[in-house]
Every structure is written in structure tokens, then in C-alpha cells.
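The structures come next, written out as C-alpha cells.
Look at the two complexes coming up: chain A is in both, with chain B in one and chain C in the other.
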Partner chain A sequence: MIYLDNAATTLHKPPQVIEAVAEAMRSSGNPARGAHGSSLQASRTVYGARAKIAALFHCPRPDHVVFTSNVTEALNTAINGLIRPGDHVITTDLEHNSVLRPLYRLAAERDVALDFVPADRRGNLDYAMFSQLMRPNTRAIVCTHASNLTGNLVDLRQVSAAARAGGALLIVDAAQTAGCLPIDMEALGIDVLCFTGHKGLMGPQGTGGLCVRAGVEIAPLKVGGTGVQSYSPTQPAEYPTRLEAGTLNAHGIAGLSAAVDYLNEIGIPAIHEKETALMRRFLRGVRDIPGVTVYGDFSGDRAAIVALNIRDYDSGEVSDALAQDYGIATRPGAHCAPRMHRALGTEQQGAVRFSFSWYNTEAETDQAIRAVRELAEE
Partner chain B sequence: MIYLDNAATTLHKPPQVIEAVAEAMRSSGNPARGAHGSSLQASRTVYGARAKIAALFHCPRPDHVVFTSNVTEALNTAINGLIRPGDHVITTDLEHNSVLRPLYRLAAERDVALDFVPADRRGNLDYAMFSQLMRPNTRAIVCTHASNLTGNLVDLRQVSAAARAGGALLIVDAAQTAGCLPIDMEALGIDVLCFTGHKGLMGPQGTGGLCVRAGVEIAPLKVGGTGVQSYSPTQPAEYPTRLEAGTLNAHGIAGLSAAVDYLNEIGIPAIHEKETALMRRFLRGVRDIPGVTVYGDFSGDRAAIVALNIRDYDSGEVSDALAQDYGIATRPGAHCAPRMHRALGTEQQGAVRFSFSWYNTEAETDQAIRAVRELAEE
Partner chain C sequence: MRKREPRVILSFPATVDAMSMESYSAAHGVPGRLIPLPTAISAGCGMCWCAPITDREAVERAARDAGLRVSGVHEMML
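Now for the complex of A and B:
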């Protein structure tokens, strides 16, 4: 199978990631729940992973790296833990339901006001709007780093400047970019960076988290046992314990830690360069095929995603044909990004998304181009 | 190392569990996020795990088995998703902070009233209290199946009868019993059964969940992408999607599925019998050693846990000595069960917990007895 659904989850994990998980399952106890060897080993693995993630994203304090089960949990934690009744929030048409649904719920239940920076037909934002929409009670801008549908990047420097000028927090969804291109949360002025482990970071499912700028006080989404301060009726206030109730997925985190080692060995810029080259090769091959419509803006730096449709064919049927007749895995349909589909005019048809990873090859890319051409000629 | 900290996490996993996780990491896509082979394979694995968990706990509907990252998340989901402002809740002194802290938070922030069924010095409950504490606005009884400190079982039949008579829901924390002894949620009248994957079920960390009786409507703790109904601004109402936002830990769930197969091969009653025999062997060996105090009630069926102290020695120092001088892993301190320590009178000293699993042996148990004897003679 040619796997081009890496924006959903990377299928090919480095062998050392799988081995690290297996080894943790053979030897790791419960982190922070004892002082015997296997428990201490688990604690060291988890702390090591925090330090590596902190270094990767330029989070100044490793103890402000909090682990969650995925980026959706990270976003729910940040959004629900920071935004209060009566607050105003600015977000964008590019967002995934992991941002939209928590915000819609706060709007419906907690008197939170929302404004959206609209996307144009190519999926681009008008950055001046962030400042124009700012109000005295704007608590946060919640913004993706790249559209999971088109791959368009958001210029976080401009968003960050608007947030800072307006006294608002900047919460970033890095689901599509963590591990795929360099992210410096200090330089970019990000207050909370939410990431997932199983996509670009090439780690196991069940991992993810948030990097929190010191001084940003997030109320916990869930509370419970922490192995420390057992007699306190409330969750400890210190990060990371503050947001980590219950036993961590130390098995998965061991894999994530090995994945970050692997990424650092290659270097994120090299990964980004290769993925970009494959994505652009694919784009060149398909964009002029009669009947093919490609969505998004390819003029600048971006994530390695190409979303397209063939004539008025249902995107689900095209994706099925790619899987069954060509052995090519893609994702069709609505991609949990309803506002983006409305902006692109693909609400009914959905779109077929091709997303590339470090493990893909030029030969696979060329086979995908041929498949699109043949389907367009039918 | 002799690992007797199985109530924190089971260190020894069946080899097929580790292999199932590794195989899923080699071949599984994102469940419910596409129709290509690897995504469908992940979906089938997850559905298979739901069906096995449903059968194990006698949950009538596999689609009402919801996966979470651990039992703490399951309990937070059930408690926050069912208990409303103005409600009254009955719980017990046996509870872990994973039950206490969510309830304390609701009491502090959402006008929820709490009552506790007290434990006596042996850690036993007076079951008549459940009915006596019942009020017209009692929404739920939240109750552990076994104390994580003493191993005392709670008679869920009596608790369930009180809940039913009072029109309250019964939410059960099975952290210490799932996989260790048979649980029939239908026969016991449990409305929500919360379990973790990495303890008695011998599965990977990062797995757990809740089994929900049909008709019990839990509001989601987190919302986001689901791969279905992308254009709905709210989380889909159907179980399990209702409570499962974001990409599931399909790698871990594959391991949990293999773990349940392993448990079924041996049979839960056989596991319970062996663990009980080891626990009672240990008890017989230590209870009459001068200076040793054992906590809890051993007159009936129970979880395979023995908590003790030696003279007035700090439990942390005893546990350290066991680890360093004897290679025996136990857990000391407060065990995230503050009210239970108060009931037992061990608030200052904590307790050293020995907890047994299917993989322990009589020889290991005898070594632990000798170690306790030697430490008590010092």
C-alpha cells in the first residue's frame, strides 16, 4: 500500500519507536507512584521526554510540558481551562472541530463570544482582521498552524503580534506541523502550543500534549490522583501535575521520546524539505490534468498536503477507487473542518486529501499522479 | 526484582500484549478516519476490543463501551457528565482521589452536595448508611469496587439496591478489580463502570474506559473531531463517539484487546484464585510478626492487596529498604486515598502496600515475608 494519509496518522513509525514502546512495556512501572527501580525508570523516561519536547518546541521549562492522550485533549484543556464566562475569543475558518467544538460549546453554555477571521476561496486569512476583531475582553486567539485540509500555513508572527497588542493569549493547534517544520514557541510568542504525538512526530497513538508558557494558569480539565499531595482536596497547582491526573501513558511516552530522538537525528528542516519536495512533485503532476481541481495556496511555505477533487465525482468514491484499484491510501470527505469546506466551496463534495511523510518516495508520488490522471480520464 | 506493586500498574504484561501493540504500530492507521485498508483495520481492532470488554463486564451494548486514557479520565467523564448543579451525591471513605477530587470540585464550583459513608478502623462500610443518606435530589452513588489501600471489597449488590431504591445512578470505580475478579454490571445494577487497562487487565498504559448502561446520557468531557457528522457544531449524540473526541489510542487498544484474550484463556476466576492464594499466604506469614500491623478486613473475598506498617517506621523508609536491600517493589505513603488513611489512623505514617498479580509466585511471596520479618527485627 502507498500510504498518503499522514495528516490523519503517520503509518510508518521508526523501528526504534516501536522498540521503545515494547521495552517500556517489558520494564516500566508507574511513573511518580513509587521509589522502586521500575517506577523510577518510568519517571526518568517521562521526564526525559518532557525535556526533549521542550527543546524541540523551545518551551523554556520542561515542567511546563504536559502530556495528554492527543491534541484534541490538549486543545480542550487549554480552551476550557483558560476561557472564562463573558470572555471573547478570536479564531479562524481554518480550524478543525477539535478547536471549533470546544469553542461552540463555550459559546452555547458559558456566555463566551466568538469571532472568526474568514478564509478566502484559496484558504487564506486576512491578517488585519485579527486586530480589527480585538475587543477589551478578548481572552485568546485560538488558531491552527496549518489547515488540515489545504495544508496552508498560518503566519503565526502576525497572529502573535495581534494577540500581544490586544493583551490576548495565543493558543496554537500544531496538529499538522509538530515534527514537520520547526516551531519556536518563544520566538513566535505562543502561550500554549498543542501537539499530537502520532502524526508528524511519528510517535505512538495515545500521546500528545501542551507546552505552556510560564505564568499561564490553565485550570485542569480532569482531576484525580497525582502521587503527590495526596491529602489536598484539590489538584496540585504546580505544572505538569496540575493538568496530569491519573497514570500517564508512560509506554507511549517512551515511544514518543524515541521518535523525537529520531527526528533530531535527521533534523526537522531536512524532513520538511523532503516532504515539501514530494508534495510539490505531486502538485506539478496533477494540477494541470483536465478535470482536476486543487485547493489551497501553494505560493509559500506550507504543510505537505494536497487536497483535490476530480470533476464533480464524490470524494469518497474517488478515495475508494484509489484504495481498491491502486492501493493508495488517502482521506476523502469533510475532514472535520466544516468552515474551511464552506470557504473553499467543497461543502457537498468534500475533497480527497493526499498527505506526505518522511517515509514516502518519489516513486510512490508518481504512482499517485498516474492514478489521479487515469481516474480523471474515466 | 520481585514486583509487588501491581495495584499501581502490572509490570509483567503477557508477551502477546506487547506483540499486539508492536504489530498495531507497524500496520494500523487512524480508526474511523478513512476507508483504506490500514484505517479499516484499526477500526476493526477497536470494535473488536469494545466487543470483548463488553462481554467481559456484561455490558449489553458494545457501542456503549467508551475508551479513555485511564480510569481517572473515565471517572472525570462520568462524574462531570452526569452530576448537575444542585445535585446530591453519596460516596465513601474508601475512595481514591480520582473520585474525591472531581467530586470536591463539583462541590466547590457547581453547588453539588456530598455525603460520605464512613469507613470503620478495619476499612468497612455500614451499608445501611447508603439508604439513610439518600435525598430526593441524590443523583448518584459513586463508589469504588475495592479499596486501593486495604483491598477490602465493597458489596456492590447492597450499594446498588440502595441506589435503585433511591432513584440514583451507580457509578463504580473498578480500578482495582477489573481483570482481577468477575464483574457483571447487569447483575450488579451498575450504570457506569469505570476501568483502567494497565492494572488487572494487564494491558498497556494509556488505555481504560467506561461501560455505560443504555439510556444513561453522559455529557462529554471533551469535544472535537470524530470523523463523522463533521458539519454538526456539537459532538455527535451517539455512543461511543459522544465521549470519544480525537484520535483514539488504537495502538494501546490493540494491546488491551490481546490482554482480554489472555485473561479469557486463563479465566478470571482462576486469576482471582491464584492472586488470592498468594495474598493470603503473605498475610499468614506477616500478620503475627511482632511489630507488624496489617490494615483492612480479611474475613471475606477481597482484592490481592496487603497494606501494613512495621512499628512506627516511616512507610517510605520501609519501602525503600525493601527495594534496595531485598529487590522488592512495593508502594508506601498516602496512596491517593486520604479519607481511608484517616479511617485507619495511618494519616502520618502512610502504609506499605504489597499487591499481587497473576505473574507472582509463592517463592517471591515467601521472600517478601522474610524481608518483612527481618525489617521488623531490626
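Now for the complex of A and C:
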């Protein structure tokens, strides 16, 4: 199989990630739940992963790296823990339901006002609108770093400048960019960076987290056992414990830690260069095929994603034909990005998303081009 | 039980600080190790840094230099 659904999850993981998970399952106790050898080993693994993640994203303090089960949980934690009744929030048409649904719920249940920076037909944002939409009670801008549908990058420097000028927090969904692009949360002025471990970071599913700027106080989404301050009736106030009730996924975090080692060994700029080279090779091969419509803006830096349609064919049928007849894995449909599809005019048809990773090859890319050409000629 | 000796104990509000203490101490040759939090300090669970009482100054300095959050510094027979 040629796997081109890396925006959903990277299928191919570095072997050391798999081995790290297996070794942790053989030997790790419960982290932060004792001082015997196997518990300490788990605690050391988790601490090491925090330090590596902090360094990777330029989060100044490892104790402000919080682990969650995925980026959705991280976003829910940040959004629900920071946005108060009566607040105003600015977000964008590019967002995934992991951002939209928590915000819609706050609008319905906490009298939170929402405004959206619209996307144009190429999936681009008008950055001036972030400032124009700002209100005295704007609590946060919540936005993705890259559209999971088009791969268009959001210029976080411009968004951050608007947030700072308006006194709002900046919460970033890095689901499509963590591990694929260098991210410096200090330089970019990010207050909360939410990431998943199983996509570009090439770690196991069930891992993710948030990096929190010092001074940003997030109320816990869940409370419970922490291994410390057990007789206190309330959740400990200190990060990361305040947001980490219950046993952590230390086995998965061990794999994530090994994955970060692997990324550092190669270098994220090198990974980004290879992934985007494959994406652009694919783009060059398909964009001029009669009947093929490609979505997004390819004029600048971007994530390694190409979304397209062939004529008026149902995107699910095209994706199924790619899988059944060519052995190529893609993602059709709505991609949990309803506003983005509406902006592109693909709400009914959906789109077929091809997303590339470090482990893909030029030969695989060329096979995908040939498959699209043959399907377009049918 | 083992023979008790005078020890200095540093307790922390979160496990991450205890792990950071261990990491920093290993890198800088600070004496001590992580142990379960004695019930005399708190009946809760958790872990703390334990070192000979003669190393109290070095241990406290290490925690300061590492920028750790310390809940308390205790002396006791352990």
C-alpha cells in the first residue's frame, strides 16, 4: 500500500518508537505513583519527554508541557479552561471540529460570542480582520497553524500581533505542523500550543499535549488522582499536575520521546523540505490534468497536503478507487473541516486529500500521479 | 528496619519538580535520591529528595539553581 493519509496519522513510525513503546510496556510502572524502580523509570521517561517537547517547541519550562491523549483533548482543555462566560473569541474558517465544536458549545452554554475570519476560495485569510474583529472582551484567538484540508499555513506572526494588540490570548492548533515544521512558541507569541503525537511527530496514537506560556492559568478540564497532595480536596494548582488527572499514557509517551529523538536526529527543516518536495512533485503532476481541480494556495510555504477533486465525481468514490484499484490510501469527504469546505465550495462533493510524510518516496508519488491521471481519463 | 540517620528532605508540589531535581542532581553531582514522601511531612503520596543532613546546603542550592518549586525543607531521622 502507498500510504498518503499522513494528515490523519502517520502510518510508518521509526522503528525505535515501536521498540520504546514495547520496552516501556515490559518495564514501566505508573509514573508519579511511587519511588520504586519501575515507577521511577516511568517518571523519568515522562520527564525526559517533557524536556524534549519543551525544547522542540521552545516552551521555556518543561513543567508547562502537559500531556493529553490527543490534540482534541489539548484544545478542549485550553478552550474550556481559559474562556469564561461572556467572553468573545475569534477563530477562522480553517478550523477542524476539534476547535469548532468546543467553541460552538461554549457559545451555546456559556454565552460566549464567536467571530470567524473567513477564508476565500483559495483558503486564505484576510489578516486585517483579526484586528477588526477584536473587542474589549476578546479573550482569545484560537486558530490552526495549517489547514488540515488545503495545507495552507496560517501566518502566526500576524495573528499573534493582532492578539497582543488586542490583549487576547493566542491558542494554536498545531495538529498538522508539529514535527513537520519548526515551531518556536516564544518567537511566534503563542500562549498555548496544542499538538498531537501521532501525526508529524511520528509517535504513537493516544499521545498529545499542550505547551503553556508561564502565567497563563488554565482551569482543569478533569480532576482526580495525581500522585501528589492527595488529601487536598482540590486539584493541585501547579503545572503540569493541574491538568493531568489520572494515569498518564507513559507507554505512548515513551514512544513519543523516541520519536522526538528521531526528529532531532534528522532535523525538522530536512523533514519539511522532503515532505514539501514530494507534495510539490505531486502537485506538478496532477494540477494540469483535464478534469482535476486542486484546492488551496501553493504560492508559499505550506504543509505537505494536496486536496483535489476529479470532475464532479464523489470524493469517496475516487478515494475508494485509489485504494481498491491502485493500493493508495487517501482521505475523502469532509475532513472534520466543515467551514473550510463551505469556503472552497466543496461542501457537497468533499475532496480527496493526499498528505505526504518523511517515509514517502518519489516513486510512490509518481504512482499516485498516474492513478489520478487514469481516473480522470475514465 | 534500616538504621536511621539524620537526613534533609525536600518536598515538591508536583512530580515534575522531583524529576527535575533528580535530573539536575545527576548532572551536577548533587547527593541524594528520590524516596517516597514520609508520612511525617504529609500523609499523601508523592516523592521527595532525600540526602544526608550534611548536604543540606548543597541540596537547597541545587533546587534554587534549577529553578524548582519546593514545598518544604525538612530535617528528620530516616
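In this section, the second predicted complex is superposed on the first by the 378 of 378 C-alpha atoms of A that agree within 3 Å, B and C clash if a C-alpha of one lies under 4 Å from a C-alpha of the other, contacts with A are read in each partner's own complex, and residues count from 1 in each chain.
The working rule: contacts are C-beta pairs under 8 Å (C-beta built on N, C-alpha and C of every residue); 3 or more make two chains touch, one makes a residue touch a chain.
Owing to the predicted nature of the structure, the values given are computational and were not obtained by experimental measurement.
In the superposition on chain A, contact of A:H335 is made with chain B only, not with chain C. Counting the residues of chain A that each partner touches, chain B and chain C differ, and the larger count belongs to B. With both structures placed on the common chain, the touch criterion links A:T247 to chain B but leaves chain C unconnected.
In the superposed model, A:M129 makes contact with neither chain B nor chain C. Within the superposed three-chain model, A:A35 lies in touch with chain B and with chain C [touch as defined at top]. Contacts of A:A277 after superposition: neither chain B nor chain C is touched.
By the touch criterion stated above, A:H96 is placed in contact with chain B alone, chain C being left untouched. In the overlay built on the shared chain, the residue A:A376 is in contact with neither chain B nor chain C. Looking at the shared chain after the overlay, A:G227 reaches both chain B and chain C.
In the overlay built on the shared chain, the residue A:S43 is in contact with chain C alone; chain B does not reach it.
On chain A, the surface patch touched by chain B in one complex and by chain C in the other comprises residues 33-35, 226-227, 230-231.
The touching residues of chain A, when paired with chain C in their complex, are 31-35, 40, 43-44, 46-47, 50-51, 62-63, 226-232, 236-241. Taken in their complex, chain C has these residues touching chain A: 12-20, 22-23, 34-36, 42-47, 69. Those residues of chain B whose C-beta lies close enough to touch chain A in the complex are 1, 3, 5, 8-9, 11, 13, 17-18, 21-22, 25-30, 33-39, 68-73, 75-76, 96-102, 104-105, 108, 196, 198, 204-207, 221-227, 230-231, 233-235, 245-252, 255, 316, 319-320, 322-323, 328-338, 347.
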